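Got some structures for you, see below.
Look at the two complexes coming up: chain A is in both, with chain B in one and chain C in the other.
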Partner chain A sequence: MMRSLIFGALSAIALPMAGQAAEGTPIQVTGEIIDTWCYYSGVMGSPDAVVGSAHHTCALWCSAGGIPVGLLAEDGTVYMVLKVGDDDQTAGGDGILKLAAHTVEADGTLYQRDGLNYIVVSEVVSDLDITNQNHDDYGNVPPFSIPKSARPGGE
Partner chain B sequence: MLRTLLTIMALAVGMPAASQSPFPVDIGGPYALLDQHGQTRTEADPDGKAQLVFFGYANCLNICSAALPLMAQVVDELAADGIDVTPVMITVAPDQDTVETMGEPLAEIHTDFVGLTGDEDALQGAYDAFKVEVEPLFEDPEYGWIYSHGSFVHLLDADGELLTLLPPILDVSQATKIARGYLNPQG
Partner chain C sequence: MLKQFTAALALVAAPLAAQDFSEGSEARSWNLYAEVPATFEATVVDLVCEFTGDCPADCGAGKRQLGLVRTADDVLVLPMKNSQPAFTGAAVELQPFCNQTITVDGLMIDDPELGANNVYLVQTIVPPGGGDKIKANQWTKKWAAEHPEAKGKGPWFRRDPSIAAIIEEEGYLGLGPAFDKEWIAENF
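Right, the complex of A and B next:
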């Protein structure tokens, strides 16, 4: 249910015909680089909890694990990041690891396919760091993303 | 304005024609690898079926543990509509996924699963063609090396041409709906 509801944000734009050729639209988006798996699956918590500083460590793990990253815009739209800059791989992996949970201003091109929003980021114009400081509200989400020995007061 | 123009020009230079790839990144290409029976398999399905292709490994604890079952369920949903699709996993861990070892864990996910492995050059060629980044992260004492790897599921036609991508974060109904839009029932 959670995933279906959130999927609405990803596919808010009318479903284009399958097989529609890629035609991009220049776009500038300000938003947070998110871990799409935790955001859509709901397994780690509510959408508000799996973003920002509360979810930074897990987002690093997921990004390093190759899970596609997304760009969560201020209006709630999620753009699947297909490519960043000169990276010749599709998004995922550690290419944009340093941007996990960061709010960025990105120039790029929007491609709408299968009802999904994909963005090819040509340039991260500014990296505003982690602006969503929600760890006071949620703690570290999920707690096990930080090894016990590395937690404050841990062994 | 100048930045916008430069962006469009930069993208246009690196962008294949729409007929070559449905995405602005040219994804897909030829490969020749070995399946779990030791038979060579290329990007073309020998039975003329469409294909769901994922790069991962059979004992992956991370995104593969979601993506591979997703693929299996999409295959079953499409089969119910008379659309035959072959699920294919190309290994990113050839040290762990060999001809001898990868068949059994994949069969537990779906009996039609095809696992593909090969030598370093053959696999790298497939990774490069599909723009998949593979990076060893650390060695787990129980499971061996843990790898970072790209995780889009690729929907290919019977000839191995990319039809579209399926982000592994979709649920079964959403992924099936997208795939169905590209495929026709057989027979």
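Right, the complex of A and C next:
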């Protein structure tokens, strides 16, 4: 009896651990392809400032640099993008780079583990380009994202 | 018998308790509001492999996003950043240790309200079996080796051909070169 009790108690504790490797769930998400490091770390400013047109150039830098890109849904949920179609080069690849700061509608499979959402995108159903035009609110973030050479009188 | 039962429960429950991974960390601060120093042993995993079962032997050659499965509690940590203040990720630094167990030191970013759970900046790596710490700062060297045509002055991100091509087509704000020109003239 006691052996059964112990086994049952241990099983009850162990089960949630085994469940951490969640099964994938089909999902459709509409949101912006973002630079997750600037978004989460606050290194360049508030979350609202490190998205959209204001942050387009920095989003290109971070994506090309291999920082994980995220899909920021309209409800604020961030999905870490691991693959888009057949393209698994989401750490610095050219395919994902072209979507920086764009709003997309994506079909894919959601995996959740340890407080993060991961998405394997099967298809970008629509690419709406940059819809979040926040540059008049925040300027260009960071300010050096537009080099002196591109400014009036620049070399 | 009840004592044995209690001891068994405690043994199983111990690893589940929250652990302090800051002890022994020598990570440098980046003065980030949510940073927490953290050093831990972990196995480097290919995230696409982990979730889908598509598992190339080299974990994607540094082009797939990688994860760190922490030995102490089986938590999957997402390494987002290497140690260079240069818009550079961590996959290139970790890929040589694909499917191996290493010890990392760096900064955890902990902001659950924003959704930042178990995301990490890697500063140093101790290889499997021990040895000296390796700085996680190889990204720019690797980029330079892969882009000899982009050699020149200034940081890599000003010279990267792929970035330059998109900026030429879409502009710095991503709204087109003509839009850029007008906005820059008004704001600088």
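Basically, the second predicted complex is superposed on the first by the 123 of 155 C-alpha atoms of A that agree within 3 Å, B and C clash if a C-alpha of one lies under 4 Å from a C-alpha of the other, contacts with A are read in each partner's own complex, and residues count from 1 in each chain.
Methods note: a residue touches a chain if its C-beta (ideal position, glycine included) is under 8 Å from a C-beta of that chain, and two chains touch if they have at least 3 such contacts.
Everything numeric here is computed off the predicted structure, so don't read it as measured data.
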{"item": "Partner chain in contact with A:V51 - chain B first, chain C second, else both or neither", "value": "neither"}
{"item": "First, second, both or neither for A:A106, with chain B first and chain C second", "value": "neither"}
{"item": "Touched partner set for A:K98, first chain B, second chain C, both or neither", "value": "second"}
{"item": "Chain A: partner with more touched residues, chain B or chain C", "value": "C"}
{"item": "Which of chain B and chain C A:A64 touches, first, second, both or neither", "value": "both"}
{"item": "First (chain B), second (chain C), both or neither touched by A:D114", "value": "both"}
{"item": "Contacts of A:T36 with chain B and chain C, given as first, second, both or neither", "value": "both"}
{"item": "Partner chain in contact with A:G24 - chain B first, chain C second, else both or neither", "value": "both"}
{"item": "Contacts of A:L82 with chain B and chain C, given as first, second, both or neither", "value": "both"}
{"item": "Residues of chain A at both interfaces, chain B in one complex, chain C in the other", "value": "17, 20-21, 24, 36-37, 39-41, 62, 64-68, 80, 82-83, 88-94, 109, 111, 113-116, 118, 120"}
{"item": "Chain B contact footprint on chain A (complex, rising order)", "value": "3-4, 7, 17-24, 26, 36-37, 39-41, 62, 64-68, 80, 82-83, 88-95, 107-109, 111, 113-116, 118, 120, 122-123"}
{"item": "Interface residues, chain B side, partner chain A - complex", "value": "3-4, 7-8, 10-11, 15, 18-19, 21-25, 27, 62-63, 66, 130-133, 135, 137, 147-152, 163-165, 167-171, 174, 178, 181-182"}
{"item": "Residues of chain A touching chain C in the complex", "value": "2, 5-6, 9-10, 13-14, 17, 20-21, 24, 36-37, 39-43, 47, 53-54, 56-58, 60-62, 64-68, 76-78, 80, 82-83, 88-94, 97-98, 100-102, 109, 111, 113-116, 118, 120, 129-130, 133, 135, 139-140, 145-147, 150-152"}
{"item": "Residue numbers on chain C that touch chain A, as the complex places them", "value": "1, 4-5, 8-9, 12-13, 16, 30, 32-35, 47-48, 50-52, 54, 60, 62-66, 74-78, 80-81, 86-92, 109, 111-112, 114-119, 121, 139, 157-158, 160, 162-163, 166-167, 170, 172-175, 180, 183-185, 187-188"}
